[in-house]
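In the two complexes that follow, chain A is the common piece, with chain B as its partner first and chain C second.
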Partner chain A sequence: MEVSREIILGAIWETLYMVSIGLFFGATLGLILGITLVVTRKGHILENRWVFGIVNPIVNIFRSIPFIILLVAIIPFTRLIVGTAIGTTAAIVPLVLHIGPYISRLIENSLLEVDEGIIEAAKAMGATPWQIIRKFLIPEAFPSLILSVTTATIGLIGATAMAGAVGGGGLGDVAITYGYQRFDEMTILVTVILLVAFVQLIQTIGNRLERHFRHSS
Partner chain B sequence: MKKWHLLLILALTTVLLTACNGTNKAQGEESTNVKVGIRSSEVKTWEFIAEQAEKEGINLELVTLSAQVDPNQTLADGDIDINAFQHVAYLDLFNTNNGTDIVPIGTTIIAPLGLYSSKHDSLDDVKDGATIAVPSDPSNWGRALLLLQENGILTVSDDFDGNGGEDRIKENPKNLKIVPVDGATTPRVMEDTDFAIINNGVAVQAGLYLKDAIIHESDTAKPFINIIATNAEDAENEIYQKIVEIYQNEETSKFIEETYSGNYIPVKLTLEELSTWKEVYSYND
Partner chain C sequence: MIEFIGTSKQYRLDKKIIKALDHIDLKVNKGDIFGVIGFSGAGKSTLIRTVNLLETPTEGKVIVDGKDLTTLSRRQLREEKKNIGMIFQHFNLLSSKTVFDNVAMPLTLSGVNKREIEKRVNEVLKFVGLESKTNAYIDQLSGGQKQRVGIARALVTNPKILLCDEATSALDPQTTKSILELLKRVNIEYNITILIITHEMEVIREICNRVAVMENGQIIETGNVLEIFSAPKTKTTRDFVQSVVRDEIPQSIYEQLQVANPNERIFKLKFIGVDVGQPIVSEVAKKFSVDINVLFGNITELQKIPFGNLIIEIVGADTETEKVVQFIKNRNVQIEEVLANGSKPRNYSGSDLGNAIYG
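So, the complex of A and B:
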């Protein structure tokens, strides 16, 4: 391997940083959008044709844009938010806009699986929509939500490989610029093994948490 | 009946075509037909050269090859006679990887990498801790480091082989922050960095001209000087030499400067001067 330990360690840190902060904001955005998509749809607790009619296509638009294009297209917006368009922190802005809408669809799926009878029962008990969301919808779907976020985290790790385009660094970028482009197979192997380990770890944690909450609920 | 006619015509045509081919081949030795493999970016120059060559009795046939085809492979296969699309460093890599023996027979131009900025206009503004965006592909990243080294801003590592990387910087006295970004992104992030080193082609696409560059490569960046190349056994071919002469004459140089708004710099080095190109990598000691 031609690449130094410092570069690999730096890249691990950059990946962890992008994934953790990106996931936090991405999941928050995804949760808000996902819940909106569920409760405003036809026949649901807060049915609203207008809100659904606006949020639904916006989510689709962001999900259609190839990540590398999104990365460059929103440079002015990124600059507005973090003050610069390059570097690891700057890469988080497009990552959030990329993963948020994806998470919202996964969350939408999880929430739609909640038994309608439960919502009906909540309504009958006189629960407000906010209470239904907080006390029934989310707790009921919680184990499934954990799996959704786990899937999204792994997707996010994949997306960080592209962060190098704006100087974001990370393991995927090291694999591309130091491994692939320099024909250094060893560097590719090491970075890929690290990424595999990372994904395994996250999936294992996700599965454990899901099992824990499924049994405790 | 009609079928017979058709067959007859077909047979005749085949015979005729074969005959033509035969005569062509027979004349091959003294033929002044030369096939040159180029990329579309330099078509204008070569059309200009073909005009001049015609006056000398040389029929230059331009073969424009797309990015999917390596004109060196075409040359090694004998489908073209000479090619002109690459710099010395690339040819060296190709020969090493493919076991071919293609040699340069003359220098053409350099498409210089330049240091641009939307904030500063002099090298004096390269202050302590300044940020410089560079293209992240190893060859252009390497060129960027060499450009900075040539201007005394930093030095490259002892094992430098032309490829860039964080680990290829030896001394960085000004603690510059070198930010690798996608090549096509360099002009887009000029607002975010103090300087950006931009590849010639990308700069032109982004509407930046070499004359706007604070510093840029010149014919001292030997590894990146473009060349006319041919198979080693044809290196002494007089007709090919003639084509090199035409490329290097005053009219052609003037034409190149005008046609490409100064973005390509004509280079006239002897092959001997060119042969020391690898020294550029280590001239810091």
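So, the complex of A and C:
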């Protein structure tokens, strides 16, 4: 293997950095968009044809742009936000814009699973729309939301592999530049094993958390 | 307490207008346990939802405790909803929360302080008999226990009205009985007016004092429960009554009769209250020269008042039979001549209700 232990460790750190920060902002964006998609749809608590009609296609557009294209296409925007268009931090901006809309769809699905009767009961109690979201929808969907975020996190790890295109670094980047492009099979193997372990770990944590919070069969 | 005045609700479905409610006029008095019965699609679900504005009427008004809720601001409406508890067929409880937190929810939403919540929640949980399940999650409970949680949650804000949307339809007969008993206690001990919608006549018989029958978005019959049970006016109502009070001759006996004597005259007698104790049949047999053949009889209880049904065959001269009918009528017993299957009146000999109904 031609790459040093330092490079691998650095890459692990970069991946963790991109995934955790990207997930934090991506999940926040996804939660806001996901809730909006649910509550503004027809017949729901804050039905609003205009808001839904705008948010829904925007989410679709971001979902359909291949990540590598998005990465390059929004360079001016990235520069505006973080001051630079290259490096690990710069890679986080497109990662958030890529994963946020994806998470919003997962969250939308989770929230739509909540029995309509729950919302009816909430309305009968005189809950405000905000209370319905916070005290009824989110707690009831919580186990399912955990699984959604777990799935999204794993998707995010995949996306970070492409962050190398803007000098983002990370394990995926090491696999491509040192392993793939220099025909170093050992590097490919090591990075892939690390990524697999990472994904396994996250899925396990997600499943455990889900079970912990689910009180229904 | 609840008054529907020309209440209508229309939906538009694929250019077709559906009248879920068609000019409903109905008054539920304070202290009533009022039942609305109808087949699914009759509009009863929509009706009960207009009371707390889960459905807004497209025409007419619903006055609840003297207020037209549609004229209130959102804030006033939320405040008013604390006076209207509601329980549901599928309970609609939060599976992510414990029994305590479910029951506490209406109070939490209005920002009541913790100590007060704890006191009140424990109070209502005790009332519904679930104090031992305080920290259980909903999925650990049986259907009956779930509905008890639902009732506790509805009572926690001290409402004046309780709306029951098919509250026992998902429960077995035994559990249904115990939930109905509990609702009766809610009515008496907390003096809460209850509006129940159901498709089970059983529920009406067990606890309601007044009833309305709905069909195609309209009220087709309304009155106190004894009236409706003893003298149903429409086919639908008769069907509902017959679902719990059998007053038909069993098919096999009917066939035997057809063979034995196709020209017999058969009468249906209804006894209400004290009349049940009258030895009418034996008196008639002694006094008149007719033979009486008892074909069918049963007795049921409506709001503590016994209510009996008897189907008899009178064999004798027509003039003598008429005398018998008059004699029975004079004893304040309802009598009508029926075809032999007991369900279709041949011609009404009048329906005189005993004083027991009105008294």
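One rule holds for everything that comes next: the second predicted complex is superposed on the first by the 215 of 217 C-alpha atoms of A that agree within 3 Å, B and C clash if a C-alpha of one lies under 4 Å from a C-alpha of the other, contacts with A are read in each partner's own complex, and residues count from 1 in each chain.
As a convention for this text, a contact is a pair of C-beta atoms (placed from the backbone, for glycine too) under 8 Å apart; a residue touches a chain by one contact, two chains touch by 3 or more.
The model shown is predicted, which means the values in this text are computed figures rather than measured ones.
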Discussion item. What does the overlay on chain A give for chain B and chain C, a clash or a fit?
Written reply: fit
Discussion item. So in the superposed three-chain picture, is A:Gly164 touching just chain B, just chain C, both, or none of them (first/second/both/neither)?
Written reply: first
Worksheet item: In the overlay of the two complexes, what angle sits at the CA centre of chain A between those of chain B and chain C, given in steps of 10 degrees?
Response: 150
Item to complete: Could you say whether A:Gln181 touches chain B, chain C, both of them, or neither, answering first, second, both or neither?
Response: first
Practice prompt. Scan A:Ile86 for contacts with chain B and chain C and give back first, second, both or neither.
Written response: first
Discussion item. A:Ala121 in the overlay: touching chain B, chain C, both, or neither? Say first, second, both or neither.
Written reply: second
Discussion item. Applying the document's definition of touch, where does A:Ser4 land relative to chain B and chain C: first, second, both, or neither?
Written reply: first
Practice prompt. If you've got the overlay open, could you tell me the nearest Cα approach between chain B and chain C in whole angstrom?
Written response: 48
Worksheet item: Taking the contacts chain A makes with chain B in one complex and with chain C in the other, which residues are shared?
Response: none
Response to the item:
So, in the complex, the side of chain B touching chain A is made of residues 133, 136-138, 141, 163, 165-167, 179-182, 185, 188-189, 191-193
Item to complete: Enumerate the contact residues on chain A facing chain B in the complex.
Response: 2-4, 7, 72, 75, 79, 84-87, 90, 164-167, 173, 177-178, 181-182
Worksheet item: Residues of chain C touching chain A in their complex?
Response: 52, 54, 77-82, 84, 86, 88, 90-97, 105-106, 108-110, 137-139, 163
Worksheet item: Where on chain A is chain C touching in the complex?
Response: 115, 117-118, 120-121, 123-128, 131, 135-136, 139-140, 142-143, 213, 215-217
